[in-house]
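Should a chain be cited, it is by its letter among A, B, C and D, assigned in written order, with residues numbered from 1 in that chain.
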Amino acid sequence: MMYFKSDYTEGAHPKVLEALEKTNLISQSGYGADCFCASAAEKIAAACGRDDLDVYFLTGGTQTNQVVISTLLQRFEGVVCADSGHIAVHEAGAIEFTGHKVLTLPSPDGKLRAEDLRSYLDAFYANESHEHMVFPGMVYISHPTELGTLYTKAELSALSALCRERKLPLFLDGARLGYGLMAPAAELTLGDIAELTDVFYIGGTKVGALCGEAVVFPRHGMPAHFATMVKQQGAMLAKGRLLGVQFDALFTDGLYFAIGRHAMALAIKLKQAFLDKDYPLFIDSPSNQQFVILTAEQRARLEKDVAFEPWEKLPDGRYAARFVTSWATTEEQLDKLIALL
Amino acid sequence: MMYFKSDYTEGAHPKVLEALEKTNLISQSGYGADCFCASAAEKIAAACGRDDLDVYFLTGGTQTNQVVISTLLQRFEGVVCADSGHIAVHEAGAIEFTGHKVLTLPSPDGKLRAEDLRSYLDAFYANESHEHMVFPGMVYISHPTELGTLYTKAELSALSALCRERKLPLFLDGARLGYGLMAPAAELTLGDIAELTDVFYIGGTKVGALCGEAVVFPRHGMPAHFATMVKQQGAMLAKGRLLGVQFDALFTDGLYFAIGRHAMALAIKLKQAFLDKDYPLFIDSPSNQQFVILTAEQRARLEKDVAFEPWEKLPDGRYAARFVTSWATTEEQLDKLIALL
Amino acid sequence: MMYFKSDYTEGAHPKVLEALEKTNLISQSGYGADCFCASAAEKIAAACGRDDLDVYFLTGGTQTNQVVISTLLQRFEGVVCADSGHIAVHEAGAIEFTGHKVLTLPSPDGKLRAEDLRSYLDAFYANESHEHMVFPGMVYISHPTELGTLYTKAELSALSALCRERKLPLFLDGARLGYGLMAPAAELTLGDIAELTDVFYIGGTKVGALCGEAVVFPRHGMPAHFATMVKQQGAMLAKGRLLGVQFDALFTDGLYFAIGRHAMALAIKLKQAFLDKDYPLFIDSPSNQQFVILTAEQRARLEKDVAFEPWEKLPDGRYAARFVTSWATTEEQLDKLIALL
Amino acid sequence: MMYFKSDYTEGAHPKVLEALEKTNLISQSGYGADCFCASAAEKIAAACGRDDLDVYFLTGGTQTNQVVISTLLQRFEGVVCADSGHIAVHEAGAIEFTGHKVLTLPSPDGKLRAEDLRSYLDAFYANESHEHMVFPGMVYISHPTELGTLYTKAELSALSALCRERKLPLFLDGARLGYGLMAPAAELTLGDIAELTDVFYIGGTKVGALCGEAVVFPRHGMPAHFATMVKQQGAMLAKGRLLGVQFDALFTDGLYFAIGRHAMALAIKLKQAFLDKDYPLFIDSPSNQQFVILTAEQRARLEKDVAFEPWEKLPDGRYAARFVTSWATTEEQLDKLIALL
């Protein structure tokens, strides 16, 4: 069986494992106050080209969204996102669990557009009853989005400008950021993201780590007592080093970007193969998640040898399916998959 | 510098790391639906001598306490524990964050006694206003306790009987369970604990893993939709395998117990050295946390070479301090420490 | 100035006030354990034609929705409603404040239809990732709806049958129930509602009381320890008698229904006047909220003498507006308003 | 049966009822934006001798505590109070329901003393692990306390000075404030309380209203968007006028103070009668709650004719009991009670 189901079906990039071994017996304080977290934070700052970053390491994506959003919002506020946003759909109500509403705007492609946000905000404040409603308190986007799409520089700049005008923190969920940054069509760099957002996270779990997401607050924007709130949500690791060591490895010698480039080369090759073999795209995705439409026959045939993600059943009886590449995908596997198409 | 500050200052037991490497490229489904979690659960069941266990792997101790307690309590209920209980003191209000009160009973030694619990329960239900109060909904104990003490078999049996009589789930926090089981004075086995509690966790983070706690529900007592609630609290790992692989290693060839024995032998040797050198014990602890009283001069001298945990300043100007052994402590380090005393 | 802005712009129906006076010095226990609450509950049961009701009196509508929903849902569940539902829009996130998501389905007229609910439920359980999503745990409808519309008996029966099939409690928000029951087009009786729902509330605040809503659980369906959870949400009155006395008066000699009939006669007369004078209806409402479209000129002219509710600005520059009648509206006021149209 | 069980066993002071009647048909906007709330707020400001007050009317005591505390605390903070504090004991976990811990300090008489608070705060910040603990974020006291005791001016001044030094808002629960202000031994005036606290509430429910508590924020200290948060907690009345009218009446011609004086005269007379007849005081209370010790025989005899509050069973078999006077207690009732002693 070949795995194209997701980017979290194997362990860690070998260099990450190697770093865990090499540092294993070095004694360090707990709870993130270790030399590895410090070093990783420095390397992330260098990769962003800035020296004004607060960096905090958390374990997983839903946890990170929950911690960031619930620590940035005031209690009468909700978070605005596209209706396909992970926080709105696939996190089992983790945001609501902390008392906040997720305010969704329709989006055909997973991206939240500045003009839609502006209309929503204008209508909200024009509503005479808005004091009886949930106030928009911050904006959540993902990049790449849940549908694999990428923001252009113009799009993110417009969102950012609007958010600053309205004093709404802009949070970018980068669970698959490594792939998004290295997509051939990518316009946004890590530096752009640090410039244009108020907080974002650099996904580790899906980009070569065993676990871990690096939350970055540019302009030293981390809320006061953030660590206490992390603890309060059960999200603090005693051995914070586990996250520091891994991110230190990912940001040494450009490993994080190399992983992104590797997976993207394979993803684009796969996309081209789908197009060459007349598989219709379900979504025209520029990143490491590829969405195609399969007939029932194609689906049944492929399922014998390939693990991929069923996405949704279409009204005409065909299926949308998702194929994902990662640091662990090999050229050989990809060629075998293409041969089967 | 020698580290006796805690049992989470190094990485993982070498055999745990080795297992992570060996399994690294095996593709598996995410979210705990992998072969390693399944295998680890089986080995834990075997170690408990039972076949009616539900096992779920979480990442850290506070998270585990928060998830277990908030999924077992009804919303008008609180959790009863000793006033030194970790959930009452050192988890930044993680239980209250989920809407529940921690109901504390005084305890001189960290243990909750059946007779104190009975008095509390009787008084609660005798109170005519108890419908305006927080109902006791479950009982939390730790073993070893936060003060290093251990329940006797008689004590846990009495608590268990009372909890069953009153239909209160009994939850045992085993963050340091490996050390508690292997203490020379230990009366309780893993099988006893599975028999006498309704849910407990086997600590990994402090007993040789990079992270991870195995929550065990005997008598198939896991609440319905537990995984959804784990997700809702941001506590589900995409790569659940990280926890499965580690616990599989810890429960292969008795590694978990070997780690416990190793650290306990050193802890008892250290305790004896303290006694031999006339350091007064602050608490007479039978487990891997040793608490002694240091003069200001002793403290200053030791701090030059040894990292240990300041515990509290005593009214007479001396200090209580905690020294902890673990899987990573070596005989050589211990001998050097003893030589310094 | 004539008030048609809402049905809560005056105090209480004179008979309600009279009852408060007459009972004022009778000493009774607090917290709802008084003879007036007991009597009111009996009269409500009689009005429903049943003897299996649990009745509990709360103070206001948002509070009631919050208490009922948060005590009936399990913590991994959300409440399903039409996207115009009061709980989804105008309660400042009160449901999310208790940790639960509001799951909205599109509805053009404020009513949730059985077929839409069925499609949603089928899709939810067919989704392979539904364990990572918020489970539908109950269904909320309002009658009359926020748009003044009414469920037919067939519609409510279909919803009820579906909810029972899927074991989802069906909750009917009756903030304006008195008007809905007495609308000329009404098909549903209080008995039907008790038969077809699992919990509903009989609105007092908008139907002649100073404050107060009577929550009714048919088939003795009140959750265990409901009063403790009411207290926990800060919703219990020390002088519960305030609610009991008022509902006792409202359900003595059919006052509640008389109030409904009075307001409905005026509302229908107003609607006819709008139609006669060629004011287009914004919504064709059969109940005491009437929605019409005003030109800017009409709006400006009416605003000089009449307080009504601006509803929304239409794309063509006209305005939708809401006019509401109540127990306090007089035939004279209505005639004056009609003369101004 | 004579009622001395509590101060909420009857309806409202006749002048309050009269005001409700007189204003009944005056149309006003909802949600507190009515002329009565505005007028009541002005009269309260005058009674405090200040012009910098924000006043907000809520319905009941537990609700008020819950709203005030949960809107003033940051999410990593808890509220400090005496271990007998109403919020700690008798509110069914209403504070924890909003995610916050109640941090209790021992107090023999219901009063929180500045020196105890100072010791607690110093120890908290001296604790090296305090970032893993719940931060003290505000201070709650009640006046009179749950045990009937009163703060002296020196005591409240010391607490206030400490709270300001440590930037902790000081909140005074005045559920029975009217009685506390008019106790013969009272040192504190309404003006003192406005000067020395950051927020307090003037209890209406127990001092002559049907329901209602007036929350006062001196120095315009009401949190931004307070009304939205009130709505979010289900605590906003549609007919806010109900509270405004009542407080307007209570603060017209000194009615609130007259009620206090009346009940206090009776309470002191009752206390003297207990002393004269050799009933030992359980607590030496200067306010309208009187606590005495009854033998089983005395208790049984009195219970035939008098409703009073059983307080607790003493180890020697006797009983502590509470007798309460209010605006509704008459001299005749009191004399009959005294005759029975």
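Following the convention adopted for this analysis, a contact is a pair of C-beta atoms (placed from the backbone, for glycine too) under 8 Å apart; a residue touches a chain by one contact, two chains touch by 3 or more.
As the structure is a prediction and not an experimental result, all values here were calculated from the model.
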Pair sharing more residue contacts (C-beta pairs) when B-C is set against B-D: B-D
Far-end chain from chain C, centres as C-alpha averages: B
Intercentroid distance (Cα basis), chain C paired with chain B, Å: 50
Chain A and chain B, separation of their C-alpha mean positions in angstrom: 33
Geometric centre distance via CA averages, chain D-chain B, whole Å: 42
Multi-partner residues of chain B (at least 2 other chains): 75-76, 91-93, 97, 99, 131-132, 228-229, 231-232
Chain C partner contacts - residues on chain A that touch it in the complex: 75-76, 78, 89-93, 96-102, 126, 128-129, 131-134, 310, 313
For the chain D and chain A complex, residues of the former touching the latter: 31, 70-71, 74-76, 99, 131-132, 135, 225, 227-229, 231-232
Of chain C, residues touching chain D in the complex: 1, 3, 5-6, 8-12, 14, 17, 20-21, 23-30, 59-67, 91-94, 97, 205-206, 210-211, 228-229, 231-239, 241-242, 245, 307, 328
